[in-house]
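One chain, chain A, appears in both complexes that follow, with chain B as partner in the first and chain C in the second.
For the complex of A and B:
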């Protein structure tokens, strides 16, 4: 079990992947908080899984498919109605994502 | 210093399905109003449940088998997490460690020499939405989000630009021929991403870096990009430095590129099994059933058969090779008569007419299922030229499975043509006496006869061959 605390650098990397900005204080705060979450989840490693087959799913269902038949879509108004940003010509409009 | 190219390709191909990969939205989005082909699944709204499109899975397997891949009997979807606005879910549903197809190859013949290119994997995923940029803002349209996308990944086996171009052309031909995709590059249905690096000639190890160029939608731009990279990387290597591992984007269609971002490593995508889609398990029989649908000849073999043994023009050969349905009907009709030039010419012309009837009337039929016997009858006893298209149209729309001869169909539809000379002559006389002005126009302008032909046709409700009517009128007006 790891008692290792996440470094600020590691937290920064996670923040970059999630595209969010964190202040220095937040980096400190989250390195402590995230470390305790990892520690909690690490409890799972205590279980002996030596003889358990590795699986991606624990469901017995398999091969759930759709036939290739087009159905109804939302209207443009419905599609963009939940937006937080603005819209124009039926597009969602956000701040430029180009760097 | 002289260097050797070390190149691998990733190719994204939009599958030819009617509905999206995980929802029932139509894939006919091109040129449509933004955000009119979306639903909770492809907008990534919470609680929506993706369900895979069986046709798309079959097409992906078909392409994998045609590329000599093995098929994973147990496969699954995974989430590839990355944060970008063209993916509203925050992840793309893709495949990670159990791709549908793996370890294949394609053999390229260049100047009589065989070059084998390894295929690492062929897997199924979904396309993203479309972003456009103007005035410091980004416009998002999710019509394309969730369209089935096949990713083909090759080994870094390409050593020359010629190999890359030959491969790109053959793959495009193959997916069209198999009906996997229309691969219309202008519409972004096929995109290339080369991973390009160089090493000193004679070295066997992979270079310690690679440069990926994203989203190239044209084979000629692909060529320019590779030429540009060879030049750029050679200059860096000549200075004794190593090019940076990075992703570059196109500046314009000349193939010039610019650094976009340091390449994400695989771990950054935090792949994990898509919990909403149960695993997929194929029996050996399932796989063999798809394999059975593969044509005996590859499109390249078929093309040389058309050119060398049947003597088609390159243009006609390409037309037939580009569509498995068309070529399959053509092959059935050739039926051992490769050297009968006249017969071949009439099938070529008839199939082209048939193809245009199907396109013009947006008919949704697999016309390789059309009874070849019917087509042979049409060739042996052709209907009057002006009735041919109409005959083919009603055959497909109304008499698809009915065993009627061309003449029987024409009769049933009231399309038979009056060829009785006396009857035609009577109508011609009537029209001539009723249109003195057109008759006098004709003396100065021979084209004016078409007006009179039109009059006769309309009086006879179209039941005449306009060419014969024209001859009769010309005879009378001499």
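For the complex of A and C:
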């Protein structure tokens, strides 16, 4: 079998960047699947795009402005209504980020 | 009156306005149909029965006072579950959003409600639009009402199936790379991918922000025209929505019925080559003959970069998706899990909540944007996207519309492609090419295979000329 385009180590690195935890079995599966996908999209390198300008949008874009006027918005209770961990102060609560 | 759920939007609207039927009767008929069909089809994630019946009664009162005149007054419809609905659970078909109750309404939903529409439920889909079969949904597979061994297409399979069986007279779905057109084709109904920016995306859970479009699935082009006149137009909440001036949005029904004599239809040779299923080819050729008999001229055209469309589409699309889906961190909404630290918790939420296909796309997108690879993949694909745009611009200067099959294959069996992710991606070849370009494309039911499986044709036109596509489809359907 030919060498996979993406090794398990590389897939692990991508998964870390994407904040996804993978089991060893999944690493194996995704390194096969992701490799075949990357091999497929590699065909883009056949095209000469030297002189092509990169645009990230479909339609001609221009800045869209509006007046900075306060309008109706959600109350604090509404804004946090889908949180899972609650505190008395009405905040989002997360686990400590420092050990 | 019996079987009201079978009416088109236009027929039902006329009967409601004339006082022949009430919105409540029509809504009840659709809800009963949903109860009858859902155990087998599973087109809905949430059915909003109480909400719909209460609304229908209110609308009937307003109708008796002649307060509402829109063609959508009193008409039951469904929304793909990617649109936020205040107080009604919205999941995007993903387990990660199980239990998420939005605090506001998507603009498309608000516009239809203001016009008097009746929401009867939220439809099933591949999570965040990732899929072409609805098999990836976290809420079970949707089956094709034409034959329940087959997929309904995706990602808006629930919307396609619901419209096909009469679970609401139309559905608002979402198309990022074929997610409206594929299920329309596989379920035997019509679906419009609008020009990018034509309908506000505010409140649509994002997949790929430079591709995402909001559009209808309905029984015919006439109905789609009625719906478009209500949902299109500038929205201050979506900066990319099109500013069309004071006569915008146009009346999309105004051109329906205009003669097609002398109009030019482009047939891109790349779409009719190897890999096109013979039965699909037969149905499409018959449709082309019909247009010829209506006075149209056909021209062979070429879209030379077709071969690279899928690769470019996916690289850009999933790069945007990987960035958009970074927001699902388990803090502000979504499922909750127990874990040791902050980072571990986020990873656990995402690992349990995302489907395999979501993980694949997020990871390939992350790779394509990562240091050392962004030039090779993301930027390269954006440049190829420009070449695709040039292809279509050139072609659409020569012809009035481009006609292709919507899907190169007939609906496939449930389970047939699920283990081969790349193969599943490749069935989108004809639909996914359109979103990077941004032009409108309409899938129209063109007939069926020998075994009765629906086949759709795709009509593609210049930016913002949805009404031209609707007229081509309407004439085809009316003759």
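Basically, the second predicted complex is superposed on the first by the 71 of 99 C-alpha atoms of A that agree within 3 Å, B and C clash if a C-alpha of one lies under 4 Å from a C-alpha of the other, contacts with A are read in each partner's own complex, and residues count from 1 in each chain.
Here is the rule we use: a contact is a pair of C-beta atoms (placed from the backbone, for glycine too) under 8 Å apart; a residue touches a chain by one contact, two chains touch by 3 or more.
Everything numeric in this text was worked out from a predicted model, so none of it was measured.
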In this superposition, which partner touches a larger number of chain A residues, chain B or chain C? C
Contact-wise, after the overlay, does A:45 reach chain B, chain C, both or neither (first, second, both, neither)? second
Please indicate which partner A:34 is in contact with in the superposed arrangement: first for chain B, second for chain C, both, or neither. second
Does chain B (first) or chain C (second) touch A:21, or do both, or does neither? second
Touch check for A:91: first (chain B), second (chain C), both, or neither? first
Touching A:64, do we find chain B (first), chain C (second), both, or neither? both
Take the contacts of chain A with chain B and those with chain C, and give the residues found in both. 17-19, 56-57, 59, 61, 64, 66, 74, 79-80, 82, 92, 94-97
Note which residues of chain A are touching chain C in the complex, please. 6, 11, 14-15, 17-22, 30, 33-34, 36-38, 40-41, 43-47, 49, 52-59, 61, 64, 66, 74, 78-85, 92, 94-97, 99
Complex contacts: residues of chain A adjacent to chain B: 17-19, 56-57, 59, 61-76, 79-80, 82, 88-98
In the complex, the residues of chain C that touch chain A are 99-101, 103-104, 196-197, 210, 236, 239-240, 242, 305, 307-308, 311-312, 314-315, 322, 326, 329-334, 336, 339-343, 345-348, 350-351, 354, 359-360, 362-364, 366-368, 370, 376-377, 379-387, 389, 421-422, 425, 436-438, 463
Spell out the residues on chain B that touch chain A in their complex, using ranges where they run on. 17-19, 24-28, 33-40, 43, 45, 51-57, 76, 81-85, 98, 131-133, 136-142, 268, 270, 273, 275, 277-281
